[in-house]
Structure formats: structure tokens, C-alpha cells
Amino acid sequence: MSEQGGKSERYQRGIKLVEKLYGEVAAKTLNSLQDGAPQLADYIVEFVFGDVFSRPQLDLKSRELATVAALTALGTAPAQLRAHILGALNAGCSKQEITEVIAQMCVYAGFPAALNGMQAANEVFAAGAAKKA
Amino acid sequence: MSEQGGKSERYQRGIKLVEKLYGEVAAKTLNSLQDGAPQLADYIVEFVFGDVFSRPQLDLKSRELATVAALTALGTAPAQLRAHILGALNAGCSKQEITEVIAQMCVYAGFPAALNGMQAANEVFAAGAAKKA
Amino acid sequence: MSEQGGKSERYQRGIKLVEKLYGEVAAKTLNSLQDGAPQLADYIVEFVFGDVFSRPQLDLKSRELATVAALTALGTAPAQLRAHILGALNAGCSKQEITEVIAQMCVYAGFPAALNGMQAANEVFAAGAAKKA
Amino acid sequence: MSEQGGKSERYQRGIKLVEKLYGEVAAKTLNSLQDGAPQLADYIVEFVFGDVFSRPQLDLKSRELATVAALTALGTAPAQLRAHILGALNAGCSKQEITEVIAQMCVYAGFPAALNGMQAANEVFAAGAAKKA
Amino acid sequence: MSEQGGKSERYQRGIKLVEKLYGEVAAKTLNSLQDGAPQLADYIVEFVFGDVFSRPQLDLKSRELATVAALTALGTAPAQLRAHILGALNAGCSKQEITEVIAQMCVYAGFPAALNGMQAANEVFAAGAAKKA
Amino acid sequence: MSEQGGKSERYQRGIKLVEKLYGEVAAKTLNSLQDGAPQLADYIVEFVFGDVFSRPQLDLKSRELATVAALTALGTAPAQLRAHILGALNAGCSKQEITEVIAQMCVYAGFPAALNGMQAANEVFAAGAAKKA
């Protein structure tokens, strides 16, 4: 989708960030797009991470917490919410910062949204604990 | 709605926070509820601010940024989004932190949501500038 | 859109209900559709009111309260919410039943949704009071 | 999160209602919150049930039907919708009242929302029938 | 739900379209409604397909693509999205037209919505390939 | 936001499309972003129109109709819906194709969403008629 040269710089910047924040989770998602919509994989690396998340005007911790808040409130993307809870941990957020933000969403999107957000967090935290054990 | 004694402590804690973050904007909202649903005004002061926002486990800046992210993404409450953009400023966020979070929502809730969020921010920033002038 | 004969029975049943519940408000909405999408006006009279709302298995009061709950929670249709608050009153709901249902939505869709619902109710109640005075 | 004395009264009132309406389903949800966000469990018992649902101005049947309508329309919380369909039965609603409200949501939130709501109802009704058999 | 005579014409027109577009998938959905909400099955055949989709003013390909766009953006009905991706194929859309529309939704409803839409498409395409093999 | 050289090609391609589809409406939106979030203006030109809408795999008519469907269903962005109704006309859609798609959304997102979509269409059509007169 991007012109030669253009692609490489934005792509390189983006893919580094993707690997740092989400590890294997992201590779799986990007691969699943190769058959049907390879442009969507490019957009995610180049635009979402190479452009938006790479802007130095806001730190990655704040970016991931804002995303956790939004996806908890929307309630329509549990898999992506789990990915960004992992990304928030990898960006340096504590578990407590994450659960406080999720719990607070009961005020803005209702208790069912906050409860489903907490279930996502519990799954990510449990998977992390299992890995370390 | 709350038992005697119980009300005063949660309410006192909450109303202080409401006044600090939103000033006159909040008073207007709370008054508008007195006729039809006075319990809703109590819930906002006691529960939202006396309970949720008063927890010391997360700072007010992060709480307001998370709310700005969620309300921008939901896109259904422009007046409350404006109130929380003001609250974010009063909690110590810079204008740039706020606009970065709002712009980032184009990734999670689409460009129309981010554009409407930016319009809300521009209105709040313009009103603040008018006040100072 | 409906076959002759078929249309008249469902339509007659529907239009009576529309007039009973919403009066002039509905006439205005149905007229506004005549230019661009007259089929939508037919669907509303025949399907929504001639079919769905006419089923005797649930009373009109419960139907209108359920609609007020849903539109408050969705938060995307303030004009239609106002129409159904009026419809709830005309179906025999008290103002208090309506405001309790709206306030309760803070639990399921967040406080901004409940606040916007209460503003809609206040506008409908004020218009009604103005008419009587 | 609540002050001593204050907590016990609201909590006692709330937990009785929770047990009456949802039985074991609720215990499981509240327990799952103890690790990550125990405050959310307190809010649900004290605020949602001790404050909001305990108000005598609206009967529990109407409160549960309104919740079933809202969660069907939002379509983002199938587990909580099932819990409230059970709560509606335990509050005295007939199966027919519940299915009429869910079916009516096709008008306000579209047919997919109504279909998913009916699937939730069928699951709850089947589980209840299995229990009795 | 419809008067004699009225039902048969709208129903016949609708059920033919349902069978053409969705095959067995639709029969299963319509059957699942017979116990709890048989009126909903009638509404789907008579109203959705006998009335709305049967209007000659827009071709079935465009109707199905518009539905794929809307359900991808809403993100709350994955089963119905899969049904309409199948319907789009049966109405003559190419796989590429479908994936382009889904990918484009990243702009209007965010990347998580587009990613979940692509997963739905991959499942439908894989099931079709399995059938042919 | 984009590297030199990279920007110009994607930007040139995007801005031509923006001007063709939306005329002055777009210029106003892009200008309003210059103070607070100039990167968002760049993303819209480069990414939304230079990347996504410029892909030749789907014609502009289908892209605009899909967007009209999605924004009508979401119901949270009336100004952007109006812009894309104009864009659909400029891409070659007839008024009837647009109103059929909007009316069809009553099935997937409810009647209030379809009614609000029709109001948006009526406003755009009336403004166009006024211009010609």
C-alpha cells in the first residue's frame, strides 16, 4: 500500500514497537491477515504503530492506559483488550493501574463493561503468572 | 439515598473533588437533577467522586485522561466529554496530552469519533482562553 | 410496500396506536419521511405499531418503559427518547416510574447516559407543564 | 471503600437482594473480583443493589425488565444479560414478558440484537428446566 | 402475527429470498425462535426479507455489502455478520469486495472492529472452501 | 508525521480525492484541526484517502455507500454522515440508492438510527437543491 522507501521507514519504526509491546500475540494477528486483507496488516504496522504510537508527545504507558479505557468502555473487542492489557504491562504499567482504570469504567460505560474488562485482565494476568511459574 | 452519617463523609469527600475538578459546570448539572432524580446527584457526588475518584491507587490525571479516552470513543456524551476535558486540565494535564489521547482514538473508535472529540477540546480550550483574556 | 387489503388492517391498527401514544409528534416524523423514504413511514405504522406494539402479550406501559430504558442506554437517539417518554406518560406511566428507569441506566450504560436521559425527561415534562398552564 | 457502619447497612441491604435475585451466579461473579478489583464487588453490592435497586419507588419486576431491555439493546454483555433474565424470573416476571421485551428490541436496536437476546433467554430457560427435571 | 392472505404473500416472497441468500444457516436460526419468540421468526421472513430486502430499488449485492459494513462497524453480532458475509457471496459479491468493505471499517469504527470483521470473513471463506473440497 | 518524499505522494493522492468527494466541507474540517491536532488532518488525507480510499480494488461508489451504512448504524457522527452522503452523491450514487441503504439500517441498528440517517440525508439533499436554485 505504501510507496517504496516510504514504507520501510514507517514500517521499521512500527514493527519494532509492535514487537516490544505485544510479542507473539501480534505476529499471530498480523499473519492471520495475509490471505484476506494484507493491507490491514500494513496499516497496523505503518499507521497505528509507525505513525500514531510513535509520536513522542505522549508516553507509551499513557497510550496503553487510554486504549485499555476505551476498549473496556466499548466492550466489543475482548481479544484486542487482552492484547492491550499485555501492552500496558510491557509499557511499564502496574497491574493496579490497569485494574483501577478498568474498574473506573463502571462510571462511564456501566458495570457490565467494567466486569468484562476485569475478566480480560484476570486472563492476561493468569497467563503471565503461568509463564513465569 | 444514603444513611445519616454515612452520607456526610462520602459526600464531603466527593463534593470537594467535584468542585476542584469542574467548578461551576458541575453545580449546574447537579442542580438540574434536583427536580426529577435527586438520587442521581447524590450518586455522582458520593459514589463517582466520593468512592471511585477518591481512591488513592491512581492519580487524578490518569483518571481524567482515561475518561477522556472512553467518552471520545463512545461518542454519545459530548457535554460530559467537555466537562472531563476541563477536569483533565484542572487535574494537571497539558493540552497536548489531552489532544494526543483524543487523536489516538481514531485507531480504536474511528476517525469520526476522534474528530468529534477534537471539536469538544477546541470548544473547552477556546472558552478557557476567553476567560483569561 | 404492503399488498392491498393487507396494508389497511395492519395500518389501521398501527396508526391508532401511534396517535394515542404520541399525538402530533408522530405526524411530524411520518410526514418528514414522505419525500425520501416513504416506505420507512409505512414500516413504522404497519410493522412497529401494527405488528410489534399491538401484541396483547405485553401491556403498553411495559413496552414504553422498556423502550425508554433501551434508548437511554444507547444514547444515540435523543429525539426518539423524548417521543417515548411522552408515549410512556400517555400509556399511563407516572413521571417517577420514568425517572427511576432512566436513573437506573447509570448502572448498565454509565452516568453520562443516565444524565442525558434525565435531560430528555426534564424537557418533556416541562413542555407538558407549559401546555397545561 | 465505605466507612465503617456506613458499609454494613448498605451492604446488608444489597447482599440480601443479590442473593434473592441471582443466587449462586452472583457469588461466582463477586468472588472473581476479589483478586484484582475488590472495590468493584463492593460497589455492586452497596451501590447497585444497596442503593439503586433498593429504592422502593419502582418494583423489582420493572427494574429487571428495564435491565433486560437495555442489555439486549447494547448487545455487549451476554453473561450479564443471562444473569438479569434469571433475575427477572426470580422477581416474578413470566417467560412471556421477558421474551416480548427482548423481541421488541428489534425495533430499537435491530434484529441481530433481538436474536442474540433470545438466544440468551433460551439458554437461561433451558438451564432452569434442566434443574427442575 | 399477520392477517390471513396478507401473511402468505409477504411470507412467500421473503422465505424465497432467505433460502437463496443463506440456505441452511437461516433455517436453523428461524427454528431456534419457534419456542420463545415465534413472532420474531415471522418478522424476519415477512418484514426484513418480504418487505425491506425485496424492494427492487436497490440490488441484493449492495444490500448485503451495506449490511456487512454496518455489522462490522457495530461489532456486536458476529454470528449475523458471518451469515451476511455468506449472503453477500450468494448475492454475487466477490471475496475481495467483501474484504475491502470490512477493511475500510477501520476508518469509521476502529481497527479492532475491522480485525474482528476479517476474522468472521476468514471463517466463512474457510467453511466454503472445506465444503467444495 | 510522514517522512519527506513519503508524505508528498500519499498526500497528493489523498487530497485530490478529498476535494473531489467533499469540496469545501473537507477544507473546513481539515482547517479546524490545525491548532490542536494537525497530525489528525495528515492522517485523514494520507491514510484515509491516500491509502484506504485510493485502493482500486473497490469503486468509490461502493466505498461511500458502505460508509453511509456504517455511520447510520453507529449513530454517533451526524456531521460526518452528512459529509459522506454528499461524498456518495459526488461519487455517482443516486439519491434513491442512498435512501434505500439508510432505510435498510432499521433492520440492523433499529428505527431511530434509520430515522436520524434520513434526517441527515434530507438536510444534504435540501442544501444541494438550494445551491442549484
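Letters A, B, C, D, E and F mark the chains in the order given here, with residues in each chain numbered from 1 onward.
Here is the rule we use: a contact is a pair of C-beta atoms (placed from the backbone, for glycine too) under 8 Å apart; a residue touches a chain by one contact, two chains touch by 3 or more.
Please read these numbers as outputs of a predicted model, since none were measured by experiment.
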Field: Winner on C-beta contact pairs when C-E is weighed against B-F
entry: B-F
Query: Measuring between mean CA coordinates, which chain is farthest from chain C?
result: A
Message: Farthest chain from chain D, going by the mean of C-alpha atoms per chain?
response: F
Message: Just the number, please: Cα centre separation of chain A and chain B in whole Å.
response: 25
Message: Rounded to a whole Å, what is the gap between the Cα centroids of chain A and chain F?
response: 28
Message: Quick check: how many Å separate the C-alpha centres of chain B and chain E?
response: 40
Field: Whole-Å gap between the CA centroids of chain D and chain E
entry: 31
Task: For chain E, jot down the residues that touch at least 2 other chains.
output: 39, 43, 48, 52, 55, 71, 73-74, 76, 100, 103, 106-113
Task: Spell out the residues on chain B that touch chain F in their complex, using ranges where they run on.
output: 74-76, 95, 99-100, 102-103, 106, 110-116, 118-119, 121-122, 125
Task: Flag every residue of chain B that touches chain C in the complex, lowest number first.
output: 29, 32-33, 35-37, 39-40, 43-44, 48, 71, 74, 76-77, 79-80
Message: With touch defined as at the start, can you tell me which chain E residues reach chain C in the complex?
response: 1-3, 5-6, 9-10, 39, 43, 47, 51-52, 55
Statement: Interface with chain F, chain D side, in the complex: residues 73, 106-113
Field: Touching residues (chain side chain D, partner chain C) in the complex
entry: 48, 52-53, 55, 57-58, 62-63, 65-74, 96-97, 100-101, 103-109
